[in-house]
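Two complexes follow with subunit A in common, the first pairing it with subunit B and the second with subunit C.
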Partner chain A sequence: MIAYALRRLIAMLPVLALVLVIVFGLTRMIPGDPAETLLGPGATTAQIDALRHELRLDRPALQQFIDYVGGLARGDLGASIKTGRTVASELAARLPATIELAFAAFALALLGGIPAGILAARRPGGPVDRTLQFLSLCGVSIPAFLLAFGLQYVFSAWLGVLPVAGRNSAFAVGEEQGGFALTRSLLTFHLTTFGDLAAHILLPATVLAAFLAATLGRFLRNTMIDTLSEDYVRTARAKGLTERAILLKHALPNAIGPSIMVLGVQFGDMLGGAILTETVFSWPGVGRYMFEAIRARDYPVIQSTTLVFALMFMLMSLAADLLSVALDPRLRQDRGRG
Partner chain B sequence: MLCADRRDLLLAGLAGAGLAVGRLRPGRAAAPIDREKVLVVAIGSDPVGLEPAANRAEPIGSEIIVNIFDPLVSWARDSDAEPQGRLAESWRVGDDGRRYSFTLREGLTFHDDTPCDAEAVRFSLERTRRLNPYMRASLDAVERFEVTGRLTLDIVLLRPVPFFLSLLAQPQSGIVSPTAVRRLGPDFASHPVGTGAFRLQSYTPDVGLTLVRNPSYFRGPSTLEFLVYRVIADASTRRLELERGEIDICQQHAQLTSLPMADIDSFRRNPEIQVIEISSQIMRQLEFNNRATGGPVTDLRVRKAIAHAVDYDGLVDGVLAGTVDRAYGPLPTTNWAFDPAMRSLAPHYDPQQSRALLAAAGYAPGALQISLYTFEGTFWAAVATFLQASLAAVGIDARIEQMEFPSLRALHVAGRFEAALDGREPWYNDPDAHITIGYLSGLAETAMTFRMPPDTALDGLILQAQTEIDPTRRKTLYGQIQARLMARVPAVYLFTNKVIVFARKEVQGLVVKSTPPLNEYWSVSKTRAYP
Partner chain C sequence: MNNPLLRHMLRHRGGRFGLAILCTMVVLVGAAPLFAGHTPTALDVTRMLRAPSLTHPFGTDLFGRDVLARTLYGGRHTLAIGVGVVGIAFVAGVTLGTFAGFYGGLFDAVAMRLVDAVLSFPALVLAIALAAALGPGLLDAMLAISITMTPQFARLARSQAQRIAGTLYVEAARVIGVPGLRIMTRHVLRNGIAPLLTLGALSVGTAILQVASLGFLGLGAQPPTAEWGADIAANLDYVRVAPWVLISAGGSIMLTVLSFNLIADAIADYLNPRRQTAKGRSGQ
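Our next item is the complex of A and B:
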């Protein structure tokens, strides 16, 4: 399996290179450049040209590409045109927020999707199944921005029980707001801080989780229904096992494998959703960083964040693949051969 | 029983978690904060440049700069004859208008407890001129700085610049601590040290900044302990945050953030929110391509017809719900050089006259078609749609082309348009900020200008007004310039945006400024804690 994982990792390199070429080309094709955007409507052409020269944007695109790739080979992601700081340091400041949000969403998706899939599969076509199917349809089809605004209006504006946006309260002056703030507050038992941070992560994580939970629930329901019609389940029932034991000990472990693969692939969609969700909820993560970079035509940031997203997507797909293999011995033989 | 691979996986997971936990630093517990002592201001994005030499008139960073740094002088109101002293206690201008002799206040200190003296002012302004390309245009007229005593400094100019004090009142003219600059090197940009009412305590990208009050501020310490800038990118989210009391202040049309027009009525009805409005010098107009060599807008009658087709009151009071003031000419009414005669000279809404002018120019109803270019966003779309309807009513078929800023700029500077919505947000308080870059023919193709054709008489007046040191004669010159421009109709002057601040009702003592539209929070207090 290690050899298989290594092969997959090596296969990622050409994909990443392709992503790099495409993104570099696309950023240069968008009208306008960072110097114009940075200086605004009042700027003179001379001021814009001077800044363009200072930012080395007046050189041929091919030369810029060669320099960027050369920098990447040395582990240098370049510097943000907007702020002048290194992209690596800016990414490092924002990645923890995105990782915590992604994990919170992932946890919510599992907590929602797995029970929903199991419950729906118990009585296919029954009222529980139909209700869950409807909710799942909503989860899959509702646009993320609509769900975000809806949740904000219901839980923040109307009920007033959850914060509207941000990672913590603006009045929590003096608290550390960066890094793995939620994890840190939990592990160091600063429970008031943890409560504030957890309340802030709940709505954006729910928005991100909705699509994933709905997809997982629907997929798991179908595989569970197939599994429950297998001979060994009939045998288990004949032996007098409880329905709970049949569902959780026999059917679920066999049905969950394909769902994990789906989760891995859908994680990419979740990352795409993070750009919008982080913007609406003022979440200080990589998604919003990317959004701001696109608005400012901050080429090095757009290129690097796209690479990071692509890498995360591929690594999650690989992790899901490896997890499925670990859980299903039949797949292990296939992967070993392939 | 777990198979070998599953055990490996579990162990790997545990090891990873252990490593992650091991890297965690102990959290810092927050001291209980009195919410009356904290002012939270919403900003739309991270600031770019937190110190005078690094900021190129970017508004969010500029507002933070005016709260951390002080300039030599500062404007109280746009309509004042001259700015007030800030770090400067007094000054005298030489008879030839080239020598400015400043005397600083006694006992000024920077946040790092080093003295703010004449040498620090020289160091600071020279450094900003050297490092900040945006400020070169402002400070290039300086021939030399002469430190004449511990607290006295002369600035000698190459030529008279009657608005030099206005240039010194810009945020980018703030005075930095030379000791901190030398000690911190490039890190000074992220650890700014000035004399201002607040010091920077922390900055978390995409989250915001926390400023803490300067207890030894020379104007007296602020009653606020903390000034928190909170990054909230989405306008609807800002509205909800303000309504819930999670932020204290957000702004409209003041560059920092912009809320949808519909939210303003909602705030006006909300007893928890106060709406503070002041007139500004932020001009908005429909510009013609005055260097076009062909096409309908080269005909003065067509330009006049378009100007008479606009229902100005409907636009100001109806579409824009009183969030703007009518503009009557090239200068806003709040500018000291505005000539009141422009109120009667300005075109008024007269569709009949508009149709008659079009007929005289040879255009039958529906025969004239123009493209109307504008920026992105609902605000500009609303203005453009209203103009389109106004023009349709007199028989002009206008097609709206809404474009992203970089594309619109490229098209505008290249002169590939007939009419475009545009604006000017002056950064220093002087008619020069509107007139020179906008109308001097020599600068026509260097930026988004009115693209004026060569006009010896007009150019001469503009250059004369630039260097005339007698205020009365200067005002007369700007009166003549305004009259000439009104006769030529280089644009349809529409309105000036009001600077509008939405604040929780607990916020008191805020003095809103318009040129530039940046607020200082030194004078602000909060009356009681939020529920």
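Our next item is the complex of A and C:
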């Protein structure tokens, strides 16, 4: 297993190199002279030259790339053109908020998607199945920002039970803010703080979870239906096992494998959705940071946030791959690349 | 293939529903001048953010423009771009994948690593980053989204090409001296195109969602062009006092994507090899 994990990691290296080339290339795709575009029409030649030097645009492309990768290795992601602050420190402050949001959404998606898939597969074509199929179709068809506004409208403006936006209430100070605040408050039993943070994370996490839960539910339903026609399920039925035992102990463990791979792939869509969701909910994470950078045409920030999202996605794909191989050793042999 | 597929589609509950929504949308949007009653860019500062009424059935937006007209005309852009994006990705991906699969070698290795690299990015994140670099605008947004969608077509086309390149009739064509390029277009491409077209149909819904998302972030259509995502973004600050802009543009996006997903589901059912057996089993 460890050998397999290492092989997968090594296989990722050339792809990672290409990912870096693409991320690096983003600034070189800006039409015209990037420095001129960034500074706007009012800039003097001296200012343009200074920025060109700062962005290392006055050196050959290969040298620029090597400098860029060297900087990355030292944790230097450059500085924001608008604020002057280093991107690395800004990212460090925002990443925990995005990670907590992503994992909360992931947990919600599992809680919604797995039972839905099992329930639907029990009677394919029945009323439960049809209702769930329709709901999941809506889940994959609704734009994230529309769902976000809908939930805000119902739960905050209309019912008034959940906060509209933000990560915590205004009274939260110091200790309660920043970092992995939700996890920390739970582990240290600060339950009032935890309640406040959880109430804030619920709506954005639901928006992110909707697409994932819908995809997972649909996929799991189909593999469950296939599994339920297997001989060992018939044997289990003949033995007189309860429907519950058949579904949960015999069918689910055999059907869940492919769903894990699907979750790994769909995690990327969830990260893309995080940009929209964090923006609508004023969530202080990487997605909103990227959105603000796009508005300000702050290219070093756009570049780094893109890289961070790509790395998160690659890690999750690897984790999904390793997990499904750990669950089904047969895959270890025949999963080639590409 | 067309006839049995269409018959299946009309018998399939979801497929029928999806086709009905899509056809209605296309007619409404295509004949927008007939139904709109107003021009989508006509400003009227005396009637800003009015609630739906007889003269403005969907209300007016921040600039007093008729929301119904903007939704109908905006649909032209959103739909055309959605289909256009898939078209570009289809042509680029199929060309790349077929060459790579048919000829193999170094080109194949390089092309597939590039495909892996693009697939390592969350699709929407890469589309946003590319669109931001290229500069805001409809064409650039289109190009950005197509780049993120090309790899799926390339991968599928490559596996199709590899499969067909090993068949007896391709070997026969080679033996009688048909040039490689002609084998590729006449035999490989023509025999392997069906699953690719299905993937194309499946991708339109995703493409429309991405177009709207980019528009929502200000990277797609620029004002005063009507486009669903961009219209929502433009009226965002007033969504609580005037939710009708969000509801008409957002609802249109959702209905359109839903119709494509329903159609894609029906096609997937049609192509599912277990379809016949599944039907037989349901009698149990």
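One rule holds in what follows: the second predicted complex is superposed on the first by the 280 of 338 C-alpha atoms of A that agree within 3 Å, B and C clash if a C-alpha of one lies under 4 Å from a C-alpha of the other, contacts with A are read in each partner's own complex, and residues count from 1 in each chain.
We take it that a contact is a pair of C-beta atoms (placed from the backbone, for glycine too) under 8 Å apart; a residue touches a chain by one contact, two chains touch by 3 or more.
Fair warning: this is a prediction, and the values are worked out from it, not measured in the lab.
In the overlay built on the shared chain, the residue A:Ile118 is in contact with neither subunit B nor subunit C.
Once the two complexes are overlaid on the shared chain, A:Pro31 sits against subunit B and subunit C alike. Contact with subunit C, but none with subunit B, is seen for A:Asp269 once the two complexes are overlaid on the shared chain. By the document's definition of touching, of the two partners only subunit C reaches A:Ile294; subunit B does not.
Using the contact criterion defined above for the overlaid structures, shared-chain residue A:Leu187 touches subunit B, although it does not reach subunit C. When the two structures are aligned on the shared chain, A:Pro14 is found in touch with subunit C, with no touch to subunit B.
By the touch criterion defined above, A:Phe149 reaches both subunit B and subunit C. Look at A:Thr45: by the touch rule set out above, it reaches subunit B but stays clear of subunit C. Touch criterion not met for A:Ala109: it reaches neither subunit B nor subunit C.
In the superposed model, B is the one of subunit B and subunit C that contacts more residues of subunit A. Residues 31, 149, 153, 157, 279, 291, 297 of subunit A lie in contact with subunit B in one complex and with subunit C in the other.
Contacts from subunit B toward subunit A in the complex involve residues 3, 5-6, 9, 20-21, 24-31, 33, 35, 38, 40, 45-46, 48, 54, 56-58, 133-134, 137, 189, 202, 204-208, 210, 226, 228, 230-234, 236-237, 240-241, 243-244, 246-247, 404-407, 409-410, 413, 422-425, 427, 437, 443, 445-448. Contact residues on subunit A toward subunit C in their complex (touch as defined above): 14-16, 18-19, 21-23, 26-27, 29-31, 124-125, 137-138, 140-146, 149, 153, 157, 226, 229, 267-273, 275-276, 279, 290-291, 294-295, 297, 299, 302-303, 305-306, 309-310, 313-314, 317, 337-338.
The residues of subunit C lying in touch with subunit A in their complex are 14, 112-114, 116-118, 120-130, 132-135, 155, 205, 209, 212-213, 216-219, 229, 232, 239-240, 243, 246, 250-251, 253-254, 257-258, 261-262, 265, 274, 281-282.
Residues 1, 31-33, 36-47, 50-51, 54, 82-84, 90, 93-94, 97, 149, 152-153, 156-157, 160, 163-167, 169-181, 183-185, 187-188, 190, 193, 279-282, 284-285, 288-289, 291-292, 297, 323, 325-327, 329, 332 of subunit A are the ones that touch subunit B when the two sit in their complex.
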